[in-house]
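One structure coming up, written as structure tokens, with questions to follow.
Labels for the chains are A, B and C, by order of writing; each one numbers its residues from 1.
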Amino acid sequence: MSTRIDALRRARPRSRLLRLSLVLLALLVVWAWTAGDFDWADLVSERRGENVRRFFAEEVTPYPLREAGWSRAGVVDWAAGLWSDRGARGVTATLSIAVLAIALAGAAALLLSPFAARNLASARPFEFGADAPRGAGGGGAFRWRVLTGVTRALLILLRAIPEYVWGFLFLALLGPSAWPAVLALAIHNAGILGKLGAETIENLEARPLVALRDAGATRTQAWFGAVLPLSLARFLLYFFYRFETCVREATVLGMLGVVSLGYWIQDARSKHYYDEMLFFVALGACIVLLGDLVSAAVRAALRRTG
Amino acid sequence: MPTHGSPASDGAFALELRRVSVAFDARAVLDAVDLACAPGEVVALVGPSGAGKTTLLRLWNAALAPTSGSVRVHGADLAERTPRELRELRSRIGFVHQDLALVPNLRVLQNVLHGALGRQSFLSAARTALFPAREEQERAAVLLERVGIGEKLFQRTDTLSGGQRQRVAIARALYQEPAALLCDEPVSSVDPARARDTVQLLTALAKERGFTLVVSLHDVRLAREFFPRLVGLRGGRVWFDRRNGDVRSSELDDLYSLERAELLADGS
Amino acid sequence: MGADAPRGARRRWVLLAITVAAVLAALTLKASLGDLVPQRGGAELVLRFFARALSPAFRHEGEVPEGTPSLFFSALAAMRRTLVFGVAAMSLALAGGVVLGFLGSSAWWSGARAGGGSAWSRFLYRAIAPSVWGAARVLIVGMRSVHELLWAVLFLAALGLNNVTAVVAIAIPYTGTLAKVFSEMIDEAPRDAAHALRAAGASHVQVFALGLLPRALPDMCAYAFYRFECAIRSSAVLGFFGFPTLGYSISASFENLHFGEVWTYLYALCVLVVGVELWSGALRRRFVA
């Protein structure tokens, strides 16, 4: 029995990829923590301790209360003042940036994703595996492959570079307006939504599409007539899921100098008004929460109706 | 090594229901059912779907409490047992689920070893999951060999066919060293030839190891072929409860045809 | 077909609402298309910048002090630090996310209430389970709703510049996000095997760890890998706040108008991100349907 178990054990299917990945991940973690980038002694030094103490004891206390002492009316007055002075403007701008950006990203992704979907953008659409004649279409097939390849590479570039970096670049290139933030968010999310949209198209059931093609529909007609209606529900789920992240990111993009909440956070920070900074950070948390709730509610409604 | 040899029916559990009713949302699923299985007895529960077979089996496993009446296992009322005692009891009662309820992305060995969880502390279960002892592997291998898929010991469960997975579920229940084995429609998802093999295997195992066996079956012919005692269930009541030879074919026909008549009556 | 009509109509309303919202947003922002045209010779700048996308720099474009490593090595060093910060943050977030995700899932607690264990432990669970569960959910929401850059800014204000704070700043919101998604995945995992293990007398911790968790594990790993990719991006962005990651190099080179170098660093970031994406894609193809 023992030898048989050993024989079976030796013959068991195992994944070298998985083992390698686990070892590599463990090594990465150990390396990251021991690579010498972290100065622990400095972290617990007296100077840091003093900084923290001052920060919590003095700087985060709302300014008017530092001498007058804590009172509810005082806090409310202070918060209301900040809200009407800058907060409301910042919140409106943040939400507007997020909405405009995600709408642009969605439109761009809808246009790009069919070109990145290997089943649609090919010389012989909707044929995979066994029934796809090898090399069919000749030069045409090659041209289609180049097209999907280039589109996919573009989508990778768009999403690999973070919103904040795009925002930084656009602000410097375009000058101050809301556009750098909007474009930054739109571009990064177009990359993500484009990839997800292409995957959705590739995972569509082939039969209705083949039927359309056999009925003589062109790729564009097939896209309008079948691909879009079939994949739209899924795409909208992704869309609202990304809207959530857009609200988060729109807040911080302001730190580059666009008038979203982040701008006022950065403004307060540079003046060392940490009480105001904390207020705006909390305000940001509230609208992120709001965005989450809206997105979750819409997605639940979409799921219910399919 | 498993303890075979003398059929140890003295260790087997007696299963009993006394005037048991179960209602879900005021809908009666079982209605004043009386039923007793002696230790080591082999019984088939037959009846149309919705007759209450699954509910009846779950009562004995303490997965469900009756609305009224008393469920007795091994001579004691389940309602009077402490949670710890219930857990011990469950660990001695094997249950083969209709949908098998295996963990698909674990190896067969792990799924079989899960049978012993009821007797293990959390730490020893974790040890078993990560580094199964040689002795545990051998016990599992013997059981898999017995149910006919010895060579699958280290395969991933989701690479197995439906029939093979069913064997894994049976081996898991056997690994519990059950004093009673309850099977809920164990053959509902396999083809007829395999279904016959499986029922044959279950009854043979019951004879060999001496545990009490109750199998709910939709297929009357299989029940006729392999079980000494048939219990017909319909609409939450015991329709008949007799030795196999004493059950008339017309009674079996009634069990199902009445349902058809009722369905028609409902529809109008 | 009849059932399809209202769905289609609903979707059309959603699309229309999005369009209207976008137009309103543009009006609110006073974002005219005219502002999209760069001002003051900016057009030439834009062209110059994007032209370098196809010809990233291979050596430093400006004067560098004696002993500065070549551009290749400074890009490599920035990549290394970006990776170090990302991995360290992710390892913290994963540990925290697993713990909070368990505590925040209803499956973890439902087993305890369903029976099993001694009367004493059942009482304990009944008394503390709702409060621990609630506390975990609140903590998850709190950690999640403040962006990692804002955590970083808060730490900078309270502590000053230290690399550990960058790692912790990324780890906090990532812990919250991982915990939220993990708890959802655990709660949505099929329960059949868990019920079977309970029927075989397993305790609720065993049911959770051996019946429920393995079923959610492939999805959890796939999601953790995706967050790892995001952590690398976040780590790069923290460079804009003075931490020595790729963002620092990007902003420094850009401010000197060394556009070729900027693209070199951007591509370096792409290599890291795409590398992780390919790795996780290979694993996912193998283990998730």
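FYI, a contact is a pair of C-beta atoms (placed from the backbone, for glycine too) under 8 Å apart; a residue touches a chain by one contact, two chains touch by 3 or more.
This structure is a prediction, so every number in the text was calculated from the model and none was measured.
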item: Pairwise touch network: line, ring, star, complete, or other; value: complete
item: Central chain of the complex, centres being mean CA coordinates; value: C
item: Chain pair, most C-beta pairs within the contact cut-off; value: A-C
item: Distance between the centres, which are taken as Cα means, of chain C and chain A, whole angstrom; value: 8
item: Separation of mean Cα positions, chain C and chain B [Å, integer]; value: 46
item: Residues of chain C engaged with two or more neighbouring chains; value: 287
item: Complex interface listing, chain C residues touching chain A; value: 6-8, 10-11, 14, 18-19, 21-22, 24-26, 28-31, 35-36, 38-40, 42, 45-46, 49, 80-81, 83-85, 87-88, 91, 141-142, 144-147, 149-150, 153-154, 157-160, 162-165, 167, 233-234, 236-237, 240, 244, 247, 250-251, 254, 262, 266, 269-270, 273-274, 277, 279, 282-283, 286-287
item: List of chain A residues in touch with chain C within their complex; value: 15, 17-18, 21, 28-29, 31-33, 35, 37-40, 42-43, 47-48, 51-52, 55-56, 59, 92-93, 95-97, 99-100, 103-104, 106, 156-157, 160-162, 164-165, 168-169, 172-175, 177-179, 182, 229, 232-233, 236, 239, 248-249, 251-252, 255, 265-266, 269, 274, 277-278, 281, 284-286, 288-289, 292, 298, 302, 305-306
item: Partner chain A, residues of chain B touching it in the complex; value: 107, 134, 137-138, 141-142, 150-151, 153-156, 159
item: Residues of chain C touching chain B in the complex; value: 115-119, 122, 192-193, 195-203, 205-206, 209-211, 214-215, 217-218, 287
item: Residue ranges of chain B touching chain C (in the complex, touch as defined); value: 61, 63, 82-84, 86-95, 97, 99-106, 114-115, 117-120, 122, 125-126, 129, 172-173, 176
